[in-house]
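Two complexes follow with chain A in common, the first pairing it with chain B and the second with chain C.
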Partner chain A sequence: MSLLKPFSKLPGLNTANILLVENEEQFQQKLADTVVLQEKTVNVNVRLARSLPLPMENEESRPRIDLVVFIIHLTSELSFQSAETSLKYLDPGYFQGKVCFLVTSARNVSVPPERLVSVRKLAASLHCPLLCAEDQTTEGVTTAAHRLLAILKVAAGLVPMATGLYLSTLTRCTVPSDIDQQNFE
Partner chain B sequence: MGGSTKLLLQRLIRRIPYQMLQTMLGKWAHLSNADLHSLNFTQPKWVLTEHLLALCEEKGLTVKHITELEMIYIIENPNQGMWHGFQLLDAEEDAPSIELTQFKEQFKANLTELISHVSIKIKKHTDEAIWIRVAWGDNFTKPNHLKPTYVVHHLQTPYVFVTGMTSKDKPLLNQALVLATRYGSMKDAHLSGRNLIAIRDLLTRQYQQVFPTKHPKPLQEKNPVPRNPNIENEQPENTENRLQMACEAFGDGTLPQLQKAVYKLETKFRDNSNKTLTGRKEPFRGVVEFSSTNLLESLRHCVSSGMASTPVTPLLSSITQKGRNYFVITDKGV
Partner chain C sequence: MIRRIYLTSMLNDAVIDYCSLSRFQLHHGKARCSKSTSVFFSVMEERSSIVKTPLNNVLAQRRSKSYRRSMRSCVEATNLGYTSGHLTVLRIPRSRRTPKSRDITKQVDPDQVALLVRKEWELSYVTPLYQFRHTQLKSYSKHLSAFIVSEKQQGLAIEVGQELGFKVNFSVVLGLAETDEDAETVFIQILSRQAFAAKDDAQKVVWSGWLTCVNGDLEFLRSLPSEFVSLPLLCTRGPESLTVLVKSWFEKTFDCCFGPLGINSANLQWLAALWIGCHPTINIQYLKLVWTLPTLPPMDVKYTIHPQDAWELWDSVRQDDTTDVSIEEVTRFIKGLQSHFFRHFRIELSAGSLKQVSTALGSSHHSGKIKIASPTYITTILQLLTECALLKMPI
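The block that comes next holds the complex of A and B.
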């Protein structure tokens, strides 16, 4: 199986690489543009993919990926399933602070609440942070980009005294034990 | 003017929106210019209606004239009510050479033979379409002008579009049309919608079609976005292919406006997690309905943005390929 490995390549100087995985390929483009524009001090490279595994042809030219972000649209069940199947192609080394889940349309009334609960459970079981983003407005995209950049810089080792694993123990998603009984009456 | 005639005129004027009323009356040509000037179009509509009724009564206009006005209105604004498409089959030898007067005579003769009390009006529109208005009565009652049927047919094409038809009148209309156009039979094309031009374009494949090509470059070059060198796509072929496949399945540019697609399922229930319903011998009857203000546009967007998987499933692409929006799906196929 062609797993994506976190430490098999050398890092670049003052460089951070982020991989955005999204089944619908809509939000990732906007996010990529904003991330690249926002960051001035560090050289940020964004790779876009629909799902894992990544094609073998790009293996040589691909830099070391510091952070893998799975973008899940809660309005589509297919989005969640595609992210779940892509998880299998990640080396376990990534789950120590180098994976993040980004969820959109969490406030949408037509979205079944069970889906957000399943995403939370998935993120909690993998000890990864779960971010909620608003993808329809520019402020939402900017905010999401800002947060991702903060996590990316730590995961790439560019922040002194902080590592991805350390940050993830603080930011990882937790699920309260009564989440299945939660109702919003 | 009799009571029913007055009622017909009142209903018709109520139906026509105020802004269009002046142009419609101008086209009608039964009111002279002086009469039109005497009508004050800034008054409230009910006042104007009274004046108009009085004017028509003076002139001694009959039902025939009023139905002319209705026909003018409907031809200008055909998108009211549901239009259904029909296809004529088994053309006889002289079907391609039918011309207008022959068709008119044949149709009127046939229909009046079948029912004695029927009112027919045939008009040829500028775009070569023949519009027929039929008001149905039966052997004992006069034709009911409040619920007419409209038929649109382009001569020398095997397609007919009908609105306002009841199941009682259907066989009679079918027979008259089939005999007048010199075809063997008429079958339902299973295509219906509110927009007449959309139905017509879909059946006659007059939308902008895209044909499969080995070199997808033409569609790609339409929007060459300057790529940021820091952003790279790992799986680019997917995005390029999707737009091409979406356009191949549904067409390019502006698409005919369809409102619904209905799939009637008569297939067996197949889901291993549900033991009670799986394994029954009778088919599980269900209906899947897609509806939207512009269905083909939404489906094309679903495919090109990745929401629906490519290649496009034949269930969806047969809406445009076969020109229908009502499908019955059995276990052996569509």
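The block that comes next holds the complex of A and C.
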């Protein structure tokens, strides 16, 4: 089983690498362009994938991936299922602050709320942050890129005094039943 | 004592200075501490996404201690909100009781039932109505007809009670309410004389609508103050102009809000499971599901299944538990249909969204249109729709 390992390669100087995993391959391109344009001080490399595992041919030339972002479109069930199956191909070391879930169309009326709840449960069980993004407008894409860059810089070790693990304890997703437990007991 | 804490915001690179001043005053041995906190934000770069956390914790008042402990495994908490000072949680059920076929005509007048079935209704949600009295329906009819006529003929003063071109009928449909907390269903009809009709011709129904509440969330209904009546589901049929007029009259008279109610794909799947479960008792003749796939141009897939095959699949998915249907069984049933389709056509239907479900017993569209063809399972369908309306409604 070809797991993606977080620390098997050496990091580059002043470089951060992000991997965007999305089944539909439509939002990742826009997001990649915006991320690269926004960041001026650090070299950001964006790699795109449809699902994990990544192809073996690129194994040697691929740099160390600092942050893996799973983009889930709530309008289709397939998006969520594909992200779930891809999770198996990540080394457990990634779940200490190097994985993030990005969800689109969470406000959409036709989306059943159960789907967002199940994504939240998944993110909460893996101690990962869950971001909601608006992919139809440019401001939404810019905001999402801004947030991802902030997490990426911490995950790549470019922010002094902050590590991915520390950040993930602050930004991890919680599920409504946790609040439920707190209030009703 | 001044403490300074530096926090790095995770959403942007702003540095927050947090100063807390606490003064201790000693009065004859008693220590009194008054604290004043002030928070300074010094922004290093342009702020585009910032989240402010409240400085005080929002206190939750609990109504009763034994809160659904037994049901915890079968509901999913989604919305936490305040209804008149009490914390209410509207939950999405994960399992529902199997519907029993009931002859609704024993409870409800058959003529009134005939008004509700075999017509396509458009759904909206309604917030609770202030001081709506079931006893004053006649005066409501007069006011509404005067309102409609005055809106149609702008600028002309209309007296309430005059002979008008539009006549409104408010009536109560007794028997649809399931619990004591449900308000009785109100049926509204607008009749109008046709243009160029002879003087003695009967007026025809041009618009009809009904407000109902079937098995609404008890916790929510009990938490409402006594002046409010909750009839969260509105079904309308007729010209859009009249619907808008009726809604604006209700908004002005009872201080409520209306909004469109869609049926999302999870609820459409519940309806499909409900109708297929009825197959042994009533022949549904076909099960038709319509999906829309996000291709360019968008592709519609109409998937019609023979009822006997669908019934066999449903029966194999159902475990022997005859009292409850759980969401996992419904999901497994739909996944079975989707994987069968994939095997033949190589099209993954779960990449799209379910738009419409129809059988001979009724049809439902995700934009909020429902048609109930047979009165046997009407209460189960209305219960599901009432739940949708209560969940959609802004608390």
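Please note the rule applied: the second predicted complex is superposed on the first by the 177 of 185 C-alpha atoms of A that agree within 3 Å, B and C clash if a C-alpha of one lies under 4 Å from a C-alpha of the other, contacts with A are read in each partner's own complex, and residues count from 1 in each chain.
Here is the rule we go by: contacts are C-beta pairs under 8 Å (C-beta built on N, C-alpha and C of every residue); 3 or more make two chains touch, one makes a residue touch a chain.
Just so it is clear, the structure is predicted and the values come from calculations on it, not from any experiment.
Peer 1: Based on the superposed arrangement, let me know which partner A:N58 touches: chain B (first), chain C (second), both, or neither?
Peer 2: Touch partner of A:N58: chain B, not chain C.
Peer 1: Please work out whether A:S76 is in contact with chain B alone, chain C alone, both, or neither, and reply first, second, both or neither.
Peer 2: Touch partners of A:S76: chain B and chain C.
Peer 1: For the overlaid complexes, name the partner, chain B or chain C, with more touching residues on chain A.
Peer 2: On the superposition, C touches more of the residues of chain A.
Peer 1: Applying the document's definition of touch, where does A:V42 land relative to chain B and chain C: first, second, both, or neither?
Peer 2: So A:V42 meets neither chain B nor chain C here.
Peer 1: Touching A:E25, do we find chain B (first), chain C (second), both, or neither?
Peer 2: The answer is first: A:E25 touches chain B but not chain C.
Peer 1: Between chain B (first) and chain C (second), which, if any, makes contact with A:R50: first, second, both or neither?
Peer 2: A:R50 sits against chain B, while chain C stays out of touch.
Peer 1: Applying the document's definition of touch, where does A:D33 land relative to chain B and chain C: first, second, both, or neither?
Peer 2: first
Peer 1: When the two structures are overlaid on chain A, which partner does A:M161 contact: first (chain B), second (chain C), both, or neither?
Peer 2: A:M161 contacts chain C only, not chain B.
Peer 1: Do chain B and chain C touch any of the same residues on chain A, and if so, which?
Peer 2: Looking at chain A, the two contact sets intersect at 24, 76, 78.
Peer 1: Can you tell me which positions in chain A touch chain C when the two form their complex?
Peer 2: 24, 75-79, 81, 109-114, 117, 142-143, 146-147, 150-151, 154, 159, 161-162, 167, 170-171, 176-177, 179-180, 183-184
Peer 1: Which of the residues in chain B end up touching chain A in this complex?
Peer 2: My answer: residues 228, 230-235, 238-239, 305-307.
Peer 1: Under the touch definition given earlier, write down the residues of chain C that touch chain A in their complex.
Peer 2: Touch list, chain C to chain A: 8, 10-13, 48-49, 60, 62, 67, 76-78, 80, 87, 89, 92, 262, 264-267, 294, 327, 348, 350-353, 366, 391.
Peer 1: Over in the complex, which chain A residues touch chain B? Could you list them?
Peer 2: 19, 23-26, 32-33, 36, 43-51, 54-55, 58, 62, 76, 78
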